[in-house]
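Chain naming follows the written order as A, B and C, and within any one chain the residues start at number 1.
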Amino acid sequence: MVVLGYRVPMLASLLVWAALWEVLGQLQVSFLLPPLSSVLVAMVQIAPTPIFLSALWVTAYAFVIGNVISIAIGVPLGILMGRSMIADRIFLPWVNLFLSAPLTALVPVIMVLFGLGQTTIILTVVLFAMWIIVLDTRAGVRGIAPSLVEMAESFGASRWQAFRRIYFWAALPEILAGVRLGVIRSVKGVIIGQLLVTIVGFGALFQAYGSRFEMDDFWAALVILFAFAFLLAEGLAWLERRVDYYAASRA
Amino acid sequence: MASLQRDTETGSGAAGLGLSRFVPFGAPAPRTALLDRQPGALATFFSHPLTLRVLSVAAFCLLWEAVARIPISFAFPTFGETMVALWAMITDFSLFHAFGITLQPLVIGLLISALLGVALGVAMGLVGWVQWLATPVFIVAQAAPLAALIPLIIFAYGIGLTAKTLVVCIMAMPVIVLNSYVAVGHAPVSLVEMGRSFLGSRRQVITRIILPAASPVIFAGLRLGSAAAFVGAILAELLITPVGVGDLITYSRSVADYPSMYAAILSIIVVSVLFIEFLELIEVTVFRPEKRARR
Amino acid sequence: MTIHANPPAAPATATDAVVEVRNVSKVYAGGIQALDSVSIDFPRGQLTSLLGPSGCGKTTLLKIIAGLLPATSGAVLVNGTPVSGPGPGRAFVFQDFALMPWATVIGNVAFGLELRGVGRAERENTARHYIAEVGLSGFEKKYPHELSGGMRQRVGLARALAVKADVLLMDEPFSAVDEQTRRKFQEDLLKLREVENKTFVFVTHSIEEAVYVSDRIVLLSAGPGRVSQVIVPDIPRGDDVDAIRRHPVYLDTVDTIWRGLKRYLD
């Protein structure tokens, strides 16, 4: 936005919201909303505590494993669906279904079948993240310009060479976009999984702080979580922009 | 289901908190050389859409039935058992009763989110200071696991309809707002210029050109928002109060009536998918009639 | 053929100038100067082309005349009144057609009238008339995606004609269609001019097109845009539209312009 002829950066907007938070907290509008300053202090205080660190570890573990699995299954499945019409016809309705359905409803099923531990949470992460990775990979593969394929064939590239040198890079922007969206969803997945299971990770943390009405700590954990999710998304977006330079001129 | 293929989903991320990258997933792509292998007669039969879909649903049911008969877990009922339980829940009206309770916060929350969300998103797209103020909030909201706020909402608003409606709203609004914002920003410049050249007032250009041009992406946002709203409604019920469909699920689980639990879960998934398809029907009928001609 | 060197001196003889461009300059944010002190007159009832290589500012100038872009300095007068925005006396035809994909052909053609508050029955009647004039009778209920590129541009043209403006501003209107359709359009434009007595300002980068359709050609040079020449091809346009392309004056004019432009290409 432009004020008096000067461009005001978006960052200033965040500062305005931070200031508002501080003011509302100081005014003690609600005991649920502590001022930003106390939350920041609490962040520094809880970060080194064992209860927080173990929650972080548990969450990160499920998160990373879940994402690795999602990518390891999702990308090949997406490639398969992009290349084979039959595979596409078989799987696409299901992928779309899983993408739009309230997956949260399936978590009780997973809990019942796999218990109340890390396995369930990892499976929840996979459930949340995989489908968008599949769909975007498929889009990337389907969008490879026919002329690129013909070029590879006319210059005598073997199938593996063609894949490694051309098709992979041609589809990479979409694959990265899918991975980024999948990772964002998986953050939601890991938290929802933990909230429903309630005896691990951040789920347990929120339960603990909440039941003791330690609002500073509660918000501190929340802010750390949100900041982490945001930074992760930004980092992946940066990675995506690294390949963006050729994305627009592919077709 | 093809509807969600054309949706645009937002991701966070910016150059210096500027604009986000918005990537359409599953965008309909032209046939590529990779798919141009000449199919044989058998392949042609199996790639017929209706045949394949019926077969894959049938295959899924058979697979379910078969796997469930393997005694790996007593908590895995067969497809048949689940259908029986579903039928029982329909005939004794417990299913409808449950949905009646669950759909209240869902529909109310979704209505509020849609009206407020689209209005806010459009305002963000058209008015400079609104964009400046609101964008960082929603970019963070889009990336963040908003479900983590649910315990807080419980503390603040108790366990009634208000709390659940609020949960639905916070889950659905970010994607609706951001999609509307992007949609308005992507209105074709040429069309806007055309409107101005024919003496359209600012209001006319917004209502006659920008909004119709933006409606596909806005509706995509509404569909994604609906999916998020269903997640919110179920989460609210599983976490807050045992009523409605969430109660069906938790209660059945607690008495180890797994067929009923699976039946309840299946029903909510089916309802949510149907609802989203219904939204696309509205979009095509009311706003973009040429899409109907295209289908 | 008459050539006026830069600056083009007097406005054309007895016919008055309906559009007068006076020392218009345009500088974009970032310091790019698109136009440098351009002065041109557009005589009433004639088709004047703005011709030049990419970057010479011809589309910019057209949009300034249309009121869609503000000039950085200088003024544009339409019928003696300075331009400050779009007005009822000028209608624009867009290069990419700018049709609303969600509206039918008749909805699109009637759009300009609708914005002006004309009642439904009246504007549909007017629209039908102009749809017939551009040769699209029977397509009223079709959507743009069901039409070919050439047909879509005819819808754009009908829309511009329907508002009955004195001045028709056309921004490379035939460049987004294939060559055969383009030639047909050029012929149709000549026939249209016999029916509609309007002033046309026509932007193109095709020399042949400019010489074929124009009464006057204004050559603009690039970086920044300035008027380099004004050419008046005196080609008799009789009944045989095909004969024009073989007429010696046509060929000479094209040749002269090409030789002049070649110098700017490298």
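The rule we apply is simple: a residue touches a chain if its C-beta (ideal position, glycine included) is under 8 Å from a C-beta of that chain, and two chains touch if they have at least 3 such contacts.
The model shown is predicted, which means the values in this text are computed figures rather than measured ones.
Peer 1: Using C-alpha centroids, which chain lies at the maximum separation from chain B?
Peer 2: Measuring from the centre of chain B, the most distant chain centre belongs to C.
Peer 1: In terms of Cα-based centroids, which chain occupies the most central position?
Peer 2: Central chain: B.
Peer 1: What chain pair has the highest count of contacting C-beta pairs?
Peer 2: Maximum number of inter-chain contact pairs occurs for A-B.
Peer 1: Centroid of chain A to centroid of chain B, CA atoms only: how many Å?
Peer 2: 17
Peer 1: Using mean C-alpha positions as chain centres, tell me how far chain A is from chain C in Å, no decimals.
Peer 2: 51
Peer 1: What whole-Å value do you get for the distance between chain B and chain C if each is reduced to the mean of its CA atoms?
Peer 2: Centre-to-centre distance between chain B and chain C: 47 Å.
Peer 1: Listing for chain B: what residues touch at least two other chains?
Peer 2: If we look for residues of chain B contacting two or more partner chains, we find none.
Peer 1: With touch defined as at the start, can you tell me which chain A residues reach chain B in the complex?
Peer 2: Chain A residues touching chain B: 1-2, 8-14, 16-17, 30, 32, 82-86, 89-90, 93-94, 96-97, 99-109, 112-113, 132, 135-136, 138-139, 141-146, 149-150, 174, 177-178, 180-181, 184, 187-188, 190-192, 195-196, 202, 206-207, 210, 213, 218, 222, 225-226, 229-230, 232-234, 236-238, 240-241.
Peer 1: Using the touch definition from the top, list the residues of chain B that touch chain C in their complex.
Peer 2: Residues in contact with chain C: 188, 190-191, 193-201, 204, 208-209, 212-213, 287-290, 293-294.
Peer 1: Report the residues of chain C in contact with chain B in the complex, numbered from low to high.
Peer 2: It is residues 63, 66-68, 85-88, 90-92, 94, 96, 98, 100-102, 111-112, 115-116, 143-146, 159, 163 of chain C that touch chain B.
Peer 1: Quick one: in the complex, what on chain B touches chain A?
Peer 2: Of all residues in chain B, those touching chain A are 1-2, 4-5, 9, 11-18, 20-21, 23-27, 29-30, 32-36, 39, 43, 46-47, 49, 52-53, 56, 60, 73, 75-76, 128-129, 131-133, 135-137, 139-140, 142-152, 155-156, 223, 227, 230-231, 233-235, 238-239, 249-250, 253, 258, 261-262, 265, 268-269, 272-273, 276.
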